[in-house]
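Next come the structures, one after another.
Consider the two complexes below, in which chain A is the common component and chain B and chain C are the respective partners.
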Partner chain A sequence: MLIYLLKRVGLGIVIVVLAVSLLFIMIHMVPGDPARILLGPRATPEMIAHLSFKMGLDQPLFVQILKFFGNLLRGDLGMDVITNRTVADIVFGQLPYTLWLIFTAITGAIIIGIPLGCYSALHRNSIIDRVTGIISVACITAPAFVVALYSLLIFAVWLHWFPAVGAGEKGQFWDQVSHIVMPAFAIGLSWVGYLSRLVRSSMLEVLGDNHIRTARAYGLTESTIVYRYALKLAVLPTVTVIGVGMGFLLSAALFTEIVFSRPGIGKLIFDSISTRNYPVVMGSVLVSTILFVISTTLSDLINAWLDPRIRAAL
Partner chain B sequence: MAADPLGLMGLCLVTFMVLSAILASLIAPYNPIALNIMDRLQGPSWSHLLGTDQLGRDLFSRVLYGGQVALKVALVSTGVSITIGTVLGMIAGFGPRWFDGIIMLFFDTIRSFPTVMFALATVALVGPSLSTVIIVIIVTQIPTYGRVVRTQTLTIKSSEFIKAEIVMGASTFRILFVHILPNVVGPLLILASMDIPTVIALEAGLSFLGMGVKPPTPSWGSILNDGYTLIRNTPWPIIAGSIPLVLVTLGFTFLGESLRDQLDPKLRKSL
Partner chain C sequence: MTNLKSRPLTVAGLNRRRFLQTSSSLGIAAATIGATEVVFAGSKKILKVRAYADLRSLDPAFSQGVVDEEIQSSIYSKLIQYKPGREWGYQLDAAESIEQASPTTIKFKLKPGIMFSNGFGEMTAEDVKFSYERILDDALKSTNTPDWGSLKGVTVLNKYEGIIEFSDPYPPAWNIALPYIVGNIVCKKAWLEAGGKVDTTTPCVSGPYLHADWQPKQRTVLKRNPEWHGGIAEFDEIHILPIDDEGSAQIAYESGDLDYTRVPLGAVGSLKDSMPAHSKLEEYPSLFYVWVGMNVENEMLSNENLRKAIQHAIDVPSIMEASYFGAAQPSTGIIAPGLTGNRAQSNVPPGANFKKAKEYLAAAGMSDGVTVTLDVLNKAANVTTAQVIQATCAQVGITIDINLHESGAFWSLGDSSAGERYKDIQLILNRYSMAPDPSYATAWFITSQKGIWNWERFSNAEFDQLETAAKAEVDVSKRDTMYQRMQDIMEDSGAYRFITHEATPVIYSDTIKPAFRPDGLPLFRYFSQS
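For the complex of A and B:
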């Protein structure tokens, strides 16, 4: 297990390093001087030279990448030259909003999706099973930003049930809750469909297994079999799916944050890209990539811990 | 397929979408970019089936032409990423182990960026255009196909008929393209039809953010963006832009699931 853990974490680190280098090279392949673009058309050559020096742009690319990683190890993501705040400050100021949003969305999806999937599996081919099957697929295919637009239209503009923009006043719990309902719904809806389908099919598979047959032969009650033995195994794939789905969750969060003008890392990336504020783009994309790699690695590790066969595969 | 009503429905939806996109110039009652300020922000009527936008452009015509953009992106990007993914996947599965390692690392690196963020970063750097969107989608989809082909190749590689081919002195090229390729086409087709909705939604999403097609070219995403700006005035652009998007993604998903069930009876039993 320890060797597996080391291998997997090592791979995660290599991927982050490669991803950051790729991003770095991409940014530096853009035609035009980043400093010039940042300062706008009225900048004097002295101002551009000063900013280039400040951002380290006058050094070779290789040196810049090495410096970036060196600073990264010290937790320094660079400076935002526009607001004069550290990038880390800006990114970590926005990150909790996104994490909270994703957490709410996925928790909601788990609470609704898993029981729904269990019910469908246990009442296979019933009318409710068929209806939930079709609705689930419809939920999965609806892109988050379309769901976000509709919930904005119906629940904020028409019905005035929920506020349309922002994340609510700091410190006012209910205000924040009312602001998170619609964005979380927009992200979570497709996950409800996804999780219920996943749990349904893995539940059906598990219920056909030998150990469940043995449990039945011992005369255990159906609810004991389902909740104590089958469910544990049936929810296993959801761990992987949620871990790997972190990328989708972050992407969906980006759209919903923009639609609802909600602070968060997605909106930060979008805004900083629009203003070509590269240090902030780098910092925020880096943090979300790390988040993504951590969650996939974690879900792999949890799976390997639960299922020894996977450990042997790497 | 006939015994599977959902698959049939999917096939119908997809055919309907493809035909309406191809025949857009014949069906569309108006020029999709023609302005008509007098008729702006109208609801649906016989003269404008889905209403008009803030510039008086007919939304039904824009939706039809938007289908062309969606179809083009879906076909081109899926086609190219399948081709590259298949070649890389076969090489990874059949070639030396160190090379496999490099290709897998490359795949994992690409997949470590959340797709939309990778797309946004690229578009911001290169500038918004349809070809940028297509290239981004190709790059992000290659690993999806590559991984499947690699796994399939690894499985087939150890089968007896391949060993027999090697003993008889067949070239690597022949083994890969004559024997392994036909065996990976099935899973690839299923994957592609289930992946096309994601691609179409991604194009619409990027156009929604103003990072895809340039105005005034109609795209479902840019229609939705108009709808977002006009949300307090009229719901029709949102409705017009989302209906085809949802129907098409639904159609491809049903079709893909039906194909998977047909080609893989083992799954059919469990689902």
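For the complex of A and C:
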């Protein structure tokens, strides 16, 4: 297990280095002088040259990449030349908003989606199963930004149930909760459908397994069989899907943060790319990539913890 | 055992009838409070407004335009401030008196007793001198230096009086310097203690509001400044929310999250038909200018007759309807109505003249048709405008290929230091913002701006001379004529088809009384309760 963990960490580092290097090259290929864009139309050529020097943009690309990783080893993500704040401060100031949003969305989806999937599996081919199936597919096909826009119009403008923009006042928990309901709903809705379909099919497969037949033969109650034995195995694919789905969750968070004008790392990346604020782009993408790697590794480890067969194979 | 059914509701002296009465009263009270809850949130009077971007700097030397200025003008004092209303003008702020003493000097006297917050003492003429002269300091590298034009320096006469001196006459000082970004007065002592410049926090202020908090990407909070020299500021707090999309801002307004916002031009019609409760909509002209530029050094567009054919093939009224939903008017140039230099009419009428366009096309030797590219920033109004241009030009045999760009790529298109792309530009749909002085509009089209912001690579000796002379002309009538002539030259070159100045529609709650510049920009320091 320890060797497996070390392997995953090593692989994670390789992924992060490759992803960030690739992005570094890509954003330098996109047209647009960052110094000129950051300084605006009034900047003189001297000011632009000075800022390029300060940002290290006057150096060859590979030197910039090496410097970035060199600084990273010292825990330095660089400085935002506009606000003179450290990139780490900016990124880690925004990250909790995105994590809180993703956590709320996926928790909501799990709470609704898994029982729905179980219920459908246990009542296979019933009317409720069919209705649930239709609703689930509808949820899966609804893009997050469409759900976001309609929920804004219905729940904020029409019904006035929830606020439309922002993330709530600092230190006011309930205000923050009211601000997260709609964005989390927008992101989580498709996951409700996805998880319910996944759990349904997985559950049906598990319920047909030999060990479940054996459990029934021993006379165990149906609820014990379902909740103690079958569900534990049926949720395994869910854990993997959520881990791998972190990338999708982050991209959905980006759209949602823009629509709801919420602070967060997605909006930070979007704004920074528009203004060619490279240090902030690099810092944000680095943290997002690390987040993705951690979540996939965690999902593998949770799988191993839940399923002794996987653990034995490691 | 008590019979609950027969027992009247008398808890703590409250019977059923009184309970109902109290409930109804509370309900009515709640409903009444609900109507004004945004402004009077809780026990505080909070004004919630939208800005199109987040705060970048609280230092006037590094202010990046309107958003920073909306905040800075609420927390700092200036000698004069823009006067709210429909006509451009100014009113005194920190100055007790101010006058143009000679063509190159402005004499001012500060009001006594203007205090900087945090114990930094009284504002003096030394602070004015420091605030203005630091913008000129090369070492500071302020991007706002051009706003001070030919400023030489400030001579301090005594504690409150001073003379602002220019090397040449500089009339724009009254329009874009003293009442705008570089006119903000900061405290010399505080700034020196802070190392000569500040970022997103400020050591002290002297305006109606204090900068209380900045939550990046979420809000800037201003609080009432109890030491303000102008009296008691209207609101306990102003919350400025950065919402870049106007559509989202409109939704936020309609859901009650904002008291004021600019709304999209496309929403004006529907808002007029169905106005949200307790709301008012106002439309202001804007200072933005939108035009189609043509690269005169491009091999194909160097043909003046082709440029003129394109000018006449573009139907501006159709663009007004399709892209601006009839809420904006065609422009006559780059200088907006209400400003010195605005032309009553353009040389090329707004409506397309296909007959003339075909004649010019024939004169260009391209009667069989021609294909040109149009570079456009990927915003909805721009895309629609480009499509209208494409449709009307097609009627005379000019095929337009539209190239869409995201903002970073678009704004480097004509930059000759960013590669060779500037040579390939043919038509560009462009939009610049400006401050309320004509010099701010014309400055980008002189020969030395070629490859910087003059993407048409337009060059005209008379234009360049006029640009220098008009900036220093103190006679308003002569100045007016000079700027009009400059726009004639631009248009006659065929390199420009002027489209519009757009418009600024704003919506606000009837619980507040907003204050705007004539171009619809909010002056938060003057916002009050209705």
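For the reader, a short list of remarks on this structure follows.
Quick note on the criterion: the second predicted complex is superposed on the first by the 299 of 314 C-alpha atoms of A that agree within 3 Å, B and C clash if a C-alpha of one lies under 4 Å from a C-alpha of the other, contacts with A are read in each partner's own complex, and residues count from 1 in each chain.
Everything below uses one rule, namely that a contact is a pair of C-beta atoms (placed from the backbone, for glycine too) under 8 Å apart; a residue touches a chain by one contact, two chains touch by 3 or more.
Since the structure is predicted, the reported quantities are computational estimates derived from the model, not experimental observations.
When both complexes are overlaid on chain A, the residue A:42 reaches chain C alone and has no touch with chain B. By the touch criterion defined above, A:50 lies against chain C but remains apart from chain B after alignment on the C-alpha atoms of chain A.
Of the two partner chains, chain B is the only one that A:250 touches; chain C does not reach it.
In the overlay built on the shared chain, the residue A:85 is in contact with chain C alone; chain B does not reach it. Of the two partner chains placed by superposition, only chain B is touched by A:134; chain C is not.
In the superposed pair of complexes, A:19 makes contact with chain B only, with no contact to chain C.
Once the two complexes are laid over each other on the shared chain, residue contacts for A:166 go to chain C alone; chain B is not touched. Using the contact criterion defined above for the overlaid structures, shared-chain residue A:276 touches chain B and also reaches chain C.
When the two complexes are overlaid on their common chain A, residue A:111 makes contact with neither chain B nor chain C.
Chain A residues 30, 152-153, 157, 258-259, 273-274, 276 lie at the interface with chain B in one structure and with chain C in the other.
Partner chain A is touched in their complex by these residues of chain B: 6, 105, 108-109, 111-117, 120-122, 124-126, 197, 201, 204-205, 208-209, 224, 227-228, 231-232, 235, 238, 242, 245-246, 249-250, 253-254, 257, 270-271. By the touch rule above, chain A contacts chain C in their complex via residues 30-33, 36-37, 39-43, 45-47, 50, 82-85, 90, 93-94, 152-153, 156-157, 160, 163-167, 170, 258-264, 267-268, 271, 273-276.
Chain A contributes residues 11, 14-16, 18-19, 22-23, 26-27, 29-30, 134, 137-138, 140-143, 145-146, 149-150, 152-153, 157, 201, 204-205, 208, 246-248, 250-251, 254-255, 258-259, 266, 269-270, 273-274, 276, 281, 285, 288-289, 292-293, 296 to its touches with chain B in the complex. Across the interface of their complex, chain A is touched by residues 54, 56-57, 64-65, 141, 143-146, 199-200, 215-219, 241-245, 248-249, 251-252, 254-258, 406-409, 411-413, 415, 417-419, 421, 432, 444, 453 of chain C.
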